[in-house]
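Presented below is the structure to which this report refers.
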Amino acid sequence: MKDPIYKLVELTGTSTTSIEDAVEKAIKRASKTLKHLCWFQIVETRGNIEKGRVHHWQVTLKIGFMVEE
Amino acid sequence: MKDPIYKLVELTGTSTTSIEDAVEKAIKRASKTLKHLCWFQIVETRGNIEKGRVHHWQVTLKIGFMVEE
Amino acid sequence: MKDPIYKLVELTGTSTTSIEDAVEKAIKRASKTLKHLCWFQIVETRGNIEKGRVHHWQVTLKIGFMVEE
Amino acid sequence: MKDPIYKLVELTGTSTTSIEDAVEKAIKRASKTLKHLCWFQIVETRGNIEKGRVHHWQVTLKIGFMVEE
Amino acid sequence: MKDPIYKLVELTGTSTTSIEDAVEKAIKRASKTLKHLCWFQIVETRGNIEKGRVHHWQVTLKIGFMVEE
Amino acid sequence: MKDPIYKLVELTGTSTTSIEDAVEKAIKRASKTLKHLCWFQIVETRGNIEKGRVHHWQVTLKIGFMVEE
Amino acid sequence: MKDPIYKLVELTGTSTTSIEDAVEKAIKRASKTLKHLCWFQIVETRGNIEKGRVHHWQVTLKIGFMVEE
Amino acid sequence: MKDPIYKLVELTGTSTTSIEDAVEKAIKRASKTLKHLCWFQIVETRGNIEKGRVHHWQVTLKIGFMVEE
Amino acid sequence: MKDPIYKLVELTGTSTTSIEDAVEKAIKRASKTLKHLCWFQIVETRGNIEKGRVHHWQVTLKIGFMVEE
Amino acid sequence: MKDPIYKLVELTGTSTTSIEDAVEKAIKRASKTLKHLCWFQIVETRGNIEKGRVHHWQVTLKIGFMVEE
Amino acid sequence: MKDPIYKLVELTGTSTTSIEDAVEKAIKRASKTLKHLCWFQIVETRGNIEKGRVHHWQVTLKIGFMVEE
Amino acid sequence: MKDPIYKLVELTGTSTTSIEDAVEKAIKRASKTLKHLCWFQIVETRGNIEKGRVHHWQVTLKIGFMVEE
């Protein structure tokens, strides 16, 4: 495709272990229904707290994927 | 679901009466086609003017909802 | 007018009752001296406090109006 | 005091009815333990959703108050 | 529709010739699958470089369209 | 003038052809009523869409001009 | 006036000596043509350089003043 | 509590190992003196460098906790 | 302390003479009740105007201090 | 190179004709002294005005290039 | 040096494993050609995707180092 | 030069006396190794604290200079 066009979707992945894992989970989920995933960019990193510890890392990211003609 | 994943969609609700009503209308519309709506965050508040008064409050918001596995 | 041109002015409206009322008051005042008001966008919402309550809602907004040739 | 000094605290007020009510509740709570509250500025407006409607408006604001010498 | 509701989608259009062409290509693509496109706003302008020249202008924009009841 | 003072005004120029043309039209209009225009800075680039194409490029810019003593 | 309304204008003051002096010069100039100046907020601090030294401090500020009914 | 109120405090946690560890350390410290910690959001990620390596990851975060009536 | 933890507080210092003096006054006041002050960062510079001159420089800053274990 | 590293430099290109031309000129100049230019992102678009027209488009951009081991 | 001066450079480090590793790689590379590295701050976290997984974490950071007289 | 090109470098100047002095020191240092310095813009104003007083004002600025063909 000479001039590709991309769409961006915004997801929040969560993980009890790390920021990276939350990102991977969101991308894995997106790849179930979307093809041609190309890149992501982190928008925000938050989380909830239970018993003085991080319970879930909540990472919001935008994922760009090429749309077909 | 142990590590939930959320998607965010961006809508602009409009209302002739108030900011809150514009938000409620956007959420009500989103709930027709999306399940598991969880939260929203206001992105921008604008409006158009007619005869020296606000005609439509235009409130852009992001709505987060849990996506199913 | 084929290619309209707009000017934006920045005002702070105040009200003892609500954000919407502060916006309406600013627009009403602008319409006294400006014609062709088209849209507004809220820039900031602040207020002063007296006796543990909001005294004045202070809403800063930009108002766009079409300028004549 | 010739050159007053202010401190800012950040609170999130919540309300089932309106943005204004969430702000008022946060200020009312702050006034229980802090004196000389002067002004506030809204930082973020969010909320949670239940059954296709806003359940709680969650308004984060900074409140400025004069500190005593 | 008395109080219209809009949805915003985020796309990246690309072009070897200009920023305007990248925007037009993204809008043209969006209009294949979405009805009632109303407005756009440019979010970011980037590009990749080959042999000391811009190869593709990459313009990310949000497109607003009216959703039907 | 040893220490010049400038004023900034905010305009939105529109054009059916390009971003540059929208900027030029806004500056040309400003120069009808203001003297000593010095510089501009683009604040936002938007537009409306008709029939799957950009109808009007809407470019908001600030224009700085020197004010006389 | 029960619910005052304010207008904001944006100026760039310049000075060869300090940021404070550039602000004062802009306010002094504004007070020649505007009444009821109330507050200012610094938007940007820049300057030009000559012979390895600051030549002019250029401070852009918004000035708020009360508009009459 | 029907309409809970939250306070946000801003902390910088540090760690020689990871961003996540710096966050956990800040939350752990906060939980010593504050009750009802609910969520956090990362504001900034910095660090100092020694001998060509990160010495301390310095993560600034806001922590929200419910205040009692 | 191997991995120090810092807290940030936000203050507004005021001065009739300069930005620097407003900052110093806020820090001096903070040092009365807080120990181990380490750094500050200016958040906003505003002021009020009387008789065409700056009356009070109002500088909002964040101050970071090390919290004890 | 398995894990490439990039450096970003910030340039302002100028042109009397268009935004795109100003970008191209900056990239062309950068390519004289830097190898492996990969991408750019526009940071700001300004310009100076002469006789009621844009004299120079001034486009500030960041250019990323791969650094060699 | 009584009043040290620092320069900031902007780099993008990449890693297939983690954000922290991408940062370390960028700092390690910078330390080959620059002396007196002092601190860094993360500007943006992105990455590319291959086969439904993060391929490279791409972390853009600013690195500050003391320049010699 | 018909269409000049500028490069921007980012420096942090420090001073025990004032913001202006920190800026001047950074510019003076830059002028030792760079020619054709044109302008600067302040990015951030911070400082460290010792004994309840500002020890060093730390002002980060971008300096633009014309690059030769």
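Just so it is clear, A, B, C, D, E, F, G, H, I, J, K and L label the chains in written order, and each chain counts residues from 1 on its own.
Basically, a contact is a pair of C-beta atoms (placed from the backbone, for glycine too) under 8 Å apart; a residue touches a chain by one contact, two chains touch by 3 or more.
Keep in mind that this is a model prediction, so the values were computed, not measured.
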In terms of residue-numbered contact pairs, which of D-I, C-D or D-H coincides with F-J for over half of them? C-D
Can you give the whole-Å distance between the Cα centres of chain A and chain F? 38
Chain G and chain L, separation of their C-alpha mean positions in angstrom: 23
Sequence positions of chain C contacting 2 or more other chains: 10, 18-19
All touching chain pairs, where touch follows the definition stated at the start: A-B, A-E, A-H, A-K, B-C, B-D, B-E, C-D, C-F, C-G, D-H, D-I, E-F, E-J, F-G, F-J, G-I, G-L, H-I, H-K, I-L, J-K, J-L, K-L
Once bound in the complex, which stretches of chain D touch chain C? 18-20, 23-24, 27-28, 31, 37-42, 63
Chain B residues within the chain A interface of the complex: 2-10, 62, 64, 67, 69
The answer for chain C against chain G in the complex is residues 9-16, 22, 25-26, 29, 56, 60
Chain I residues touching chain G - in the complex, by the definition given at the top: 18-19, 44-49, 52-54, 57
